[in-house]
Amino acid sequence: MIIIMEKNATEKQIKSVCTHLENLGFRINLNHGEVYTVIAALGDKRLIQPQSISSLEGVKEVKIIQEPFKLASRETKEEDTVIEFPNGLKIGGNERPVIMAGPCSVEREIDGLLEVAYAAKEMGAKVLRGGAFKPRTSPYDFQGMEEKGLQYLAEAREKTGLLVVTEVMDTLDLPLVMEYADIIQIGARNMQNFKLLKAVGKCRKPVMLKRGGAASIREFLLAAEHILANGNEQVILCERGVKGFDSTYTRNVLDIAAVPLIKKLSHLPIIVDPSHGTGKRFLIEPMSKAALVAGAHGIMMEVHHDPDRAYSDGAQSLSIPQFREVMTNLNKLIGRIDYANKHLCSI
Amino acid sequence: MIIIMEKNATEKQIKSVCTHLENLGFRINLNHGEVYTVIAALGDKRLIQPQSISSLEGVKEVKIIQEPFKLASRETKEEDTVIEFPNGLKIGGNERPVIMAGPCSVEREIDGLLEVAYAAKEMGAKVLRGGAFKPRTSPYDFQGMEEKGLQYLAEAREKTGLLVVTEVMDTLDLPLVMEYADIIQIGARNMQNFKLLKAVGKCRKPVMLKRGGAASIREFLLAAEHILANGNEQVILCERGVKGFDSTYTRNVLDIAAVPLIKKLSHLPIIVDPSHGTGKRFLIEPMSKAALVAGAHGIMMEVHHDPDRAYSDGAQSLSIPQFREVMTNLNKLIGRIDYANKHLCSI
Amino acid sequence: MIIIMEKNATEKQIKSVCTHLENLGFRINLNHGEVYTVIAALGDKRLIQPQSISSLEGVKEVKIIQEPFKLASRETKEEDTVIEFPNGLKIGGNERPVIMAGPCSVEREIDGLLEVAYAAKEMGAKVLRGGAFKPRTSPYDFQGMEEKGLQYLAEAREKTGLLVVTEVMDTLDLPLVMEYADIIQIGARNMQNFKLLKAVGKCRKPVMLKRGGAASIREFLLAAEHILANGNEQVILCERGVKGFDSTYTRNVLDIAAVPLIKKLSHLPIIVDPSHGTGKRFLIEPMSKAALVAGAHGIMMEVHHDPDRAYSDGAQSLSIPQFREVMTNLNKLIGRIDYANKHLCSI
Amino acid sequence: MIIIMEKNATEKQIKSVCTHLENLGFRINLNHGEVYTVIAALGDKRLIQPQSISSLEGVKEVKIIQEPFKLASRETKEEDTVIEFPNGLKIGGNERPVIMAGPCSVEREIDGLLEVAYAAKEMGAKVLRGGAFKPRTSPYDFQGMEEKGLQYLAEAREKTGLLVVTEVMDTLDLPLVMEYADIIQIGARNMQNFKLLKAVGKCRKPVMLKRGGAASIREFLLAAEHILANGNEQVILCERGVKGFDSTYTRNVLDIAAVPLIKKLSHLPIIVDPSHGTGKRFLIEPMSKAALVAGAHGIMMEVHHDPDRAYSDGAQSLSIPQFREVMTNLNKLIGRIDYANKHLCSI
């Protein structure tokens, strides 16, 4: 930690900050500049928050050197985390990227869901997505089928062998979702719902954590840290677009650079959701390709058997024929990527 | 609702969209332009979501005319909502703006909290703030004293007569918080925790809803709508800064214009939190003044008996002497504002 | 300057960076941490750019301690810059805030401009604004009356005694604008047109520099530094809103906190433009008040004799009767502000 | 154009708006809703700006249907614009993507530039980039070698056969730059320097227009429209990252989705600059790949013979050996892309 003292900081203030830091276990190195005095606090104390120092009298600024996340950091764990499922599927590291596909929300009858699930299976997807509990901006929108939806997903899993990823929105619903899901999804709006992060951190199932719409990379990895610190090491990150100043054509700005960046900072798998990331059907294919060559460990996309009648996100869902076409192209691309190359795929 | 069809939309597609809209209860008005066909769907059907239309075949774009929030809208309720507490305090409308003050989090011993509470009382604040459950970006930061913290707040209330506002982070904790709080706070990170919104919507206590760090005004009012739609009409909005592209000097961009804007769109009271909104102690006074003359119904600010030793947000907390000075100036300003002037304060 | 070396930086790399810094005139202080080696480079060398260091081998990160602007900095010049005009008007410091008013662009006949100018004069404004050269997002929009417009402004000045502020868009037009303007305006879109900044830096007339729509405070002050470094000390800064993620209701987010912040960092006067800052007529009054109590040295607002027929920005322009009403209220507020109080107005 | 009238708009106001629109040549279709009256103004009048309507009395909101750019629009010109150079190089459409490489700025002696140019040539790049006039945030940074730099570029062109792209910052320098450049670059900070856009619009050389750091896609295409409307049809667009709320690790957010989006909206070629787009050397390869599979017509990247000693942007420049490695991988990828597939590359 580097502490820059105010120009007019007194000797007493400087001394007081040093003592405070030494009491916290830091070794101190004082640098008297012409204008500013700079205190270098040495030692791996990343668990001390800089804010507690920055409010000390005479302190101008505190600059952290080490990332505030530890368990999520590649410095702590060099090798990639690869999540392995009972059916043999692996996500992360140098494994073949996984495709997760399915409707935004599970709706009405099970037939539509099954139709999507069979197509997903046939085209090489490994995970079926579908919301049973739906976070909706408006209280008047469809809020999800809840347990009935979970049962449909389970039935689709049984029939196709696909794994199921589905969102939990509240700690109260967690036991129920745990019964049905293979991967528990934390949605973007709940990325900093710390009670929920803690709760899934105590579970023994993989968690897919979506990046919040205005979350920095650091906040994203700190949210993962909440899960890891509670004992669950099986975290899959998901980039799904961040808010930008221009939403005329796309819902969000899909931050593809987050993929290679996070692979440098962390050992956790990172996948990309181009459906929410752009909000436009025609952008799913090019952005999936972009994510894959940038090194993503997987793609999550929305597919609906009848997008015109979808209760949610129809405009960003592929129809089944469109999905087949996109998958044909993605499979061709995936087949050519050499994932053995460390951290960066090469083609 | 205005539906703009694709340039090359077929007659069949146009017809199909019209039929769909008529089935939903709209009256249809067709406008054949030289390039685009535009369908005006007339009728107050704000509860139908535009996305379900935008995914129909041949639709280029759907433009909404009415705001998607209804109960929160000034069109639905012309007169200002004024929240009245058992002790006679009123928040909203043309009432004198209320000051809420207190530490970011309740910490250690009760003495510090009491010291702040007595100063708050003395300087004219009406509500004591303090976090017992703390949402923290890092899992290694202080997470709050939980029930013990609530007890301290209750004791401070008993001793000073101040009301208590404190945050609830999870539906599971709601019954506990309900026992102690006069105003239940929903934090910025939980603004779209819809399960929690629904839960507080079923309570019979005033709720203070903080704007999410990247929430648009519309999303903010829709979050309030979740509470209103579940039966709780006592919602106080709180602007606390939004993420900007520049966090070199300030944590957030405090959106003062949101105050007069929300007063135009909604009847709900709106207060401003300059502590979180800027992250800097020296900006609390000027930004409080700015918020008040722009029409805010109140100010929430962080005060700590010993900011240098605060577990959280020390750098943006006022010390008690600083708080006294700021309050002296704010009281002078408040005394001169004429709040009888509808929607806009005049001075 | 603080240089943090990579975890695995070699002794040779560390040595090489130190030598490089010593050659640049820095004194070096080495801090060997458990994980990272941190080099403190001491000495006031703000003119060396950190990027030239950050690309050295083994360097993880460079953190600057001193602001990169010097002449614009309050550290360099403690006392406020007050700009004094030949007619006695003063802008900045503890002077009464100045109102600048006028149409977005000078249009058609001179009568409308004169009507606005007389009203401005009568209500206490001191500066007439009006664009003769107009930066327009679309090439099909009205591009300004150019010299004819400047002549109209000069005529209005002669008749009313108001000073004239008008925008220059290009170095080629500068000599012409210099002939007519009392204050040369650099528009937001040209805030980083460095050739133009250099050119006005060589002029002997006050310059009003508008903040770019996505300019950080540091970039804003560095743009001012370009003017100061070329010899022109008479720079007035103007906050006019920055791009946010929500433009549903307002064109920009007006960053009121920039006012007290810039007053802390710099000695230059700072005014606020709520017309461009919000894009909405009804927000001009509350945001002007907010800016004034936050310490702004002035307000610039758009007034048009017939906003319904304005060639540009009609929706954010006040009509003359509206302007009179707003000014009545602002004058009342200004009359009560005590500007003698250093850096922060009190009321 | 769709005009939504205020809830309480009078019959007279509605009539007045209709008459106004009819006078402008629109056909009018009135839609009386239960709450709002909506006027559909039919006719291809994209050159009328909506703002002139939105300020009419009683108007709540104006929604445009057609994009405000015309010449840049794919609706106006269906087929891709392919720019052909005297040496046979083609940029755009289904042509092989072009690589532009070179140092950020031309510096000191010519030898370094030549070294880069020979490597660029050898690895398959077709265009040499290099700044002779440098826009610099700080006035104390290296401002470029000006004409000397242009001469160096010309010499490098002569020796290698590469074309030269270089930035012009001011209309005054345009004649000089015209003498030396094959492609005239307009930098991001000048994207809305309309005088400069107009001036290059009157030139007969291809222009590469970089997207402004906070420019929406619509503003970007409108800036291109300024060039096209002045007679120059040879415009190459360049996405180079936009400002985001998180600049901890990357300078900008590289908006890869802008590539397929712009290819849908416009016929102009679009290339990507991952050096400025991310600011990090290690992100150049993955983001170049991402851009290419998303359909970019080319990549512009920074290469320096000695990045540790670069006057600017060293941290985001590749060294020559790094460049060779990146190019080897990109060439492999490019060789596998099938660009015959309309609008979307397939692999």
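As written, the chains take the letters A, B, C and D, and residue 1 is the first residue of each chain.
Everything that follows uses one rule, which is that contacts are C-beta pairs under 8 Å (C-beta built on N, C-alpha and C of every residue); 3 or more make two chains touch, one makes a residue touch a chain.
Keep in mind the model is a prediction, meaning the values are calculated, not measured.
**Q** Please state whether C-D or A-C has more C-beta contact pairs across its interface.
**A** C-D
**Q** Tell me which chain's centre, taken as the mean of its C-alpha atoms, is farthest from chain C.
**A** Computed centres place A farthest from chain C.
**Q** What's the distance between the Cα centroids of chain C and chain D, rounded to whole Å?
**A** 27
**Q** Take the average of all CA coordinates in chain B, do the same for chain C, and state the distance between these two points in whole angstrom.
**A** Taking the average C-alpha coordinate of chain B and of chain C, the gap between them is 31 Å.
**Q** Please work out the Cα centroid separation of chain A and chain C, and write it as a whole number of Å.
**A** Chain centres of chain A and chain C, defined by C-alpha means, are spaced 39 Å apart.
**Q** Name the residues of chain B that each touch 2 or more other chains.
**A** Residue numbers touching two or more other chains: 214, 243-245.
**Q** Within the complex, which stretch of chain B touches chain A?
**A** Result: residues 46-47, 49, 51-52, 54-57, 68-70, 135-141, 143, 169-173, 189-190, 192-196, 198, 212-214, 219, 222, 225-226, 229-230, 243, 307-315, 317 of chain B touch chain A.
**Q** Note which residues of chain D are touching chain A in the complex, please.
**A** It is residues 214, 216-218, 242-246, 248-250, 253-257, 259-261, 264-265, 277-278, 280, 282-283, 285-287, 289-295, 329, 332-333, 336, 344-347 of chain D that touch chain A.
**Q** Help me check something: in the complex, which residues belonging to chain D touch chain B?
**A** 2, 4, 7, 29, 31-36, 38, 40, 42-44, 61, 63, 65-66, 75, 214, 243-245, 247
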